[in-house]
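Okay, got some structures for you below.
In what follows, chain A forms one complex with chain B and a second complex with chain C.
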Partner chain A sequence: MLGQERSRSFTATAILFLLPAVAFYVVYMLLPIPMSFYYSLFKWDGISPTKVYSGLSNWDEMLHDTIFWGALRNNIVLVVLSILIQLPIGLILGVLLTSRIRFVKLFKTVYFIPMLLSSVAIGLLWKYIYDPTFGLLNSFLRLIGLQHLTTGWLGDPATALFSVIGTICWQYIPFYMILFMAAIVGIPDELYEAAKIDGASDLGCFRHVTLPLLRGTISMASILSLVGSLKYFDLIYVMTEGGPNHSTELMATYMYKKAFHSFEMGYGSAVAVAMFAISLIAAVAVMGVTQYDARAL
Partner chain B sequence: MREFTRLLLYAAAFIWLMITGYPFVFMVQTSLKGQMDFFTQSIWALPVPCRVANYDEVLRTGFLRYFGNSAFVTVISVTLILLVASLASYVLSRLPFRFNRFILVAFMAGMMIPVHIMLIPVYVLTRRMGLYGSLLGLVGPYVAFNLPVAIFILTGFMKELPRELEDAAYIDGCSPAGTFWRVVLPLSSPALSTIAVYNFIILWNEFIFALVLLNDPKKWTLTMGLWNYQGQYGMNIPLIMAALSMSTLPLILFYILSQEKVVKGMVAGALKG
Partner chain C sequence: MLKRVSLILVGVLMASLIVGLESIGFAAEKKIVLWHIQTTEPATSIIADSAARFEKDHPGVKVEVVPIQNDPYKVKIKVAMGAGTPPDVWISWGGGPLEQYVRAGQVLDLTPYLKKDNWINRFIPAGLDLAKFNGKYYGIPVENMSAAFIWYNKKTFNDVGVGVPQTYDELLQIVKKLKSKGVIPISLANKTKWPGSMWYMYLVDRLGSETVFENAVNRTGSFEDPVFIKAGEEIRRLVGMGAFPPGFNGMDWDTGQSRMLLYTGKAGMELMGSWLYATAQGEAPQFAKNIDFFPFPVLTHGKGDPTNLIGTPGDNYYSVSAVSKYKDEAVELIKYIIDDTAVEKRLAAGRIPPVKGIKLTDPILQRVHSAFAKAHHVQLWYDQYLPPELGEVHKDTCQAIFGGAMTPEQAAKEMEKAAGKFWGK
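And now, the complex of A and B:
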């Protein structure tokens, strides 16, 4: 049935249909990668027609820039704490919502809401929750007699990063909760019945049935959390703009500020390319590790 | 012992309900207070007398315009994403085109590209195209950045459609384009609606490209408007809470009305992305 005429019209259609997608993709996603590297070789404000070629001096400067290294360190703290906080709580909530308790629908509906809102709205809301005088958190601590724990939260370099990470966890835990819920629902009931017959308690069922079967989901969740944490921007920018004194600076906020506040587009591009390279290496490394894990299963 | 476990479960469920839900109660409660009342009373005090004056004020400062701008950009971008992605996915999943494999892999790699590497080149490009400061300038990056996930979901879905349908259409004299439009596209509507919901929420909430590509307050999207609100009215906490309530409650309402669809869309998109 596949005559030559039909296959020729296939090729024409294929090219025509693919063209818009390929055009958008090449112009806005692929070309920017070499362009960013190219810009990183210049001193340039992004607007004036003259760029001054400066070789690798932006890169040299970046490698000696303590703020950049601090930002990278903060990114790593964010990655580690995100995985250590979001995954366990997401798992507990997932178990909770799949167990036979009442009002499950209400709980599920409310728990998911943070996923829907913009980071800008969440950042603003939490900025006022952390407010030293009028904030919800300090007021609550005073209410239950823990005045000595009240502090400036976002204003204090010692607590700012952890406060912001708290909000990030609040925003993303619902996602991991849904992920684990879907995986738990997929576990056949017979396994639990068999475990019960063998005399396992509720906790025993969780440890010996649920947890081992969720290994794949857990490693996938770790990858998503890692990749997401390395490119984090919105919420931190809204809540602290990387301050006070760069204590919450991330690679993305630093890159944005260099490029669009101080108009050092060349330097900003160098940071962007470094970010790209670090994310790529991390993603490939984690995928290698988890693939190894999957085979070991 | 079992009673104790149950009690523990309910306690945990209730505590998380408070942690997630109470900030929104605080937001709405505060938005109904006057600025003086808020500063002089305890923050736990109920908003008596209840004032909607803050909402009037938010509306007067042109908040509806931000809604309109966000709706404009989001609707155009989501429509384009659906159209462009389904055209490409049709070829990638159903036509025997020689470069299909290569193109699909290239698109999938795009899901790994972090948005920040695109920021400076897209800013420069948008200026050159004369679209800087215009809402249409956002459409290009919005479409491009969301294409890979959409193509990934759609290609997977279209592959599962039965081959016979196409052969039947061909015998009836349909061209490949006609088959796409009359047969494959209508059958793909479940996948299309998942993608539409996911992209709608992502783009409605988008911030960083709006921050970089818009300069004129008249063109601000909702996230930009909100963000600038805190700079302008930072000390008037009840007013900001009113603006926050107005911008978040419609989305929450939409979610409560079509919960399954939204959860499914968000998870499908985030997993593939």
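And now, the complex of A and C:
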């Protein structure tokens, strides 16, 4: 009897403590999703008190909008390249920096620096590196006699997307490096010792001990990278604003431009909801494929 | 003891509650919020000073001055309007975006205030025109008259042995000559798209006069008019000649990537708003001694008046919200922002406020001013004149012409399609 009462009051207390966080989450995270869908049914400039109901016309327009499909394609390119570049390099750096090599502290610090800079600062920095006339990259190419490779990196639609993706990788590799380092440190030394006794080489240790035990971390990193790439915004916005001629447009930059530059809030909302749906489906699919298991983390 | 402590505590609580209520607006004081985008000195202080003088003469009214960066401002004001909590006084650039707010019923009609005591006569008529919709005025031009001119490096021109071109053909000759000497003829940073749009607007004007664009907008004409296509073709020709720096579509004007070329003598010219003059003085004083400008040259067989300008006769327009609680005080505040003291300070800062009877000492500013006085017509930047939705399409298609991603015909078609959809005809 007394126990029941206590547990009831415990539940009440817990709810009370959770309430502010839950309220915040509901108002700023959950509610905007159905709200965006609601707005996507209107032709609305975002400032007028009146909204004109237009049914699914925004959605219809979006399905025939080549810029939107181009943006989705760019997002997919970003997802694939991010996972193929950031994760392996992050993993290699993570393994190297947890093994016994010289100057490990120095390397740790140096490799971690990009993570400490804000995206806007990184964007400006790289904009100058890619500058066609004064930039570090073209100057370097000229110096080693590769003149013919110099180009206006961010101004040429053929290279712009890959140039920005290069910068994005530079920014995020340290994050995955830290993630993998933390996971590697957590692997008990006994396992390596046992493997060594069984005659495993360093590479064998990595293949048969490290890699299998990092499975959970790798699948989590993939999901983070996937979802992050699908809703990516900042460096693209700072470096190219989606240009030239939408060649680096992502769904998020397109949504922002439609909603806030072109005053088409309804259309922007439709893009936002589509983005949400695509990210959700992709994340669920990856969890299914990798048999994501939260306990393995 | 305990009782007394709790009594004191309750007392303190009550007192702080009253103080708190007062600070959130229960006091007798009136508060006016002002949003502007003059974030570089001395312009920021000029406005702060105007607000301080206003406060001094109007006891009981407080002004909260909020300077905001240019691009974030555009989003911030939109969100504030949408949420129904706009500042009392705020800025726009006149033209399409201001009209959008007017149509949404967010802006106070300033006509009665302008008519009263003939305040209207203080301003150059062309300055007020951009804030006039259906015969009513919704904004007061304050900051600066600025138009796009071709700015050039006198030293480079001397070294290469070329003079100021009178015609477009002469300009093309200079481009060839500079190119042959290894100088980038025309600097351009077109990531933000509006710098390239200046070429397009001038070419359209010089080729077909201001009526071509006006007709396309009032829907008696079309954005597929041959003049628009011809202007696009001229841009293609310039790009083909190598007139612009490599990778110009990825370079950013805001971070100075085109100006660096000009300042270091690697480029000879740049088509840019007259604010470039003040900017260059701040950024590269040594170079600024060598800078001069000429108006966009005449095209053979072109119909446009060579005195026509592309630019803005006011730059920032100050408006009052329709929902402001203190409308009269807000308008009064604008009067202080463009009173004689403020005008003098702006002149000293190298600006040309859009008011009558000002005296300029700098020879370059004098020429800018007289270009405005002589101009047959001043066309506001398309992207500011058009409704935002179409302004974006214009900038996108124009950048695509520059980059060769669209032919001039495709760009014209795209623009016409968007215009037809927006205006429904």
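Basically, the second predicted complex is superposed on the first by the 260 of 297 C-alpha atoms of A that agree within 3 Å, B and C clash if a C-alpha of one lies under 4 Å from a C-alpha of the other, contacts with A are read in each partner's own complex, and residues count from 1 in each chain.
FYI, contacts are C-beta pairs under 8 Å (C-beta built on N, C-alpha and C of every residue); 3 or more make two chains touch, one makes a residue touch a chain.
Everything numeric here is computed off the predicted structure, so don't read it as measured data.
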For this session: Quick one: on chain A, after the overlay, do chain B and chain C clash, or do they fit? Just give me the call.
Result: clash
Problem set entry | First (chain B), second (chain C), both or neither touched by A:Gly46 | both
Exercise. What is the contact status of A:Phe260 with respect to chain B (first) and chain C (second): first, second, both, or neither?
Worked result: both
For this session: Figure out whether A:Tyr130 sits in contact with chain B (first) or chain C (second), or with both, or with neither.
Result: second
For this session: Using the touch definition from the top, say if A:Thr151 reaches chain B (first), chain C (second), both or neither.
Result: second
Exercise. On chain A, which partner touches more residues: chain B or chain C?
Worked result: B
Exercise. Looking at the overlay, does A:Ala252 come into contact with chain B only (first), chain C only (second), both, or neither?
Worked result: first
Problem set entry | Stretch in clash, chain C with chain B, out of 145-153, 253-261, 307-315 or 325-333 | 253-261
For this session: Jot down the residues of chain A that show up as touching in both complexes, chain B in one and chain C in the other.
Result: 46-47, 124, 127-128, 131, 134, 260, 265
For this session: Provide the residue numbers of chain A that touch chain B in the complex, in ascending order.
Result: 1-2, 6-7, 9-11, 13-14, 17-18, 20-22, 24-25, 27-33, 35-36, 39, 46-47, 92-93, 96, 99, 101, 103, 106-107, 109-121, 124-129, 131, 134, 136, 139, 143, 170, 174-175, 178-179, 182, 201-203, 224, 227, 230-231, 233-234, 237-238, 251-252, 255-256, 259-260, 265, 268-269, 272-273, 275-276, 279-280, 283
Exercise. What part of chain A is in contact with chain C in the complex they form?
Worked result: 45-49, 124, 127-128, 130-134, 150-157, 160, 240-241, 243-247, 257, 260-265
Problem set entry | Sites on chain B touched by chain A in the complex | 1-2, 5-6, 9-10, 12-13, 16-17, 19-24, 26-27, 30, 38-39, 42-44, 83-85, 87-88, 90-92, 95-97, 100, 103, 106-107, 110, 112-125, 127, 140-141, 143-145, 147-148, 151, 167, 170, 175-177, 180, 201, 204-208, 211-212, 222-223, 226-227, 229-230, 237, 240-241, 244, 247-248, 251-252, 255-256, 259, 262-263, 266-267, 270-271
Seminar exercise, completed: The answer for chain C against chain A in the complex is residues 74-75, 78-79, 81-82, 84, 100-101, 103-106, 184, 190-193, 245-252, 255, 257, 260-261, 266, 387-389, 392, 396, 399-400, 403, 405-406
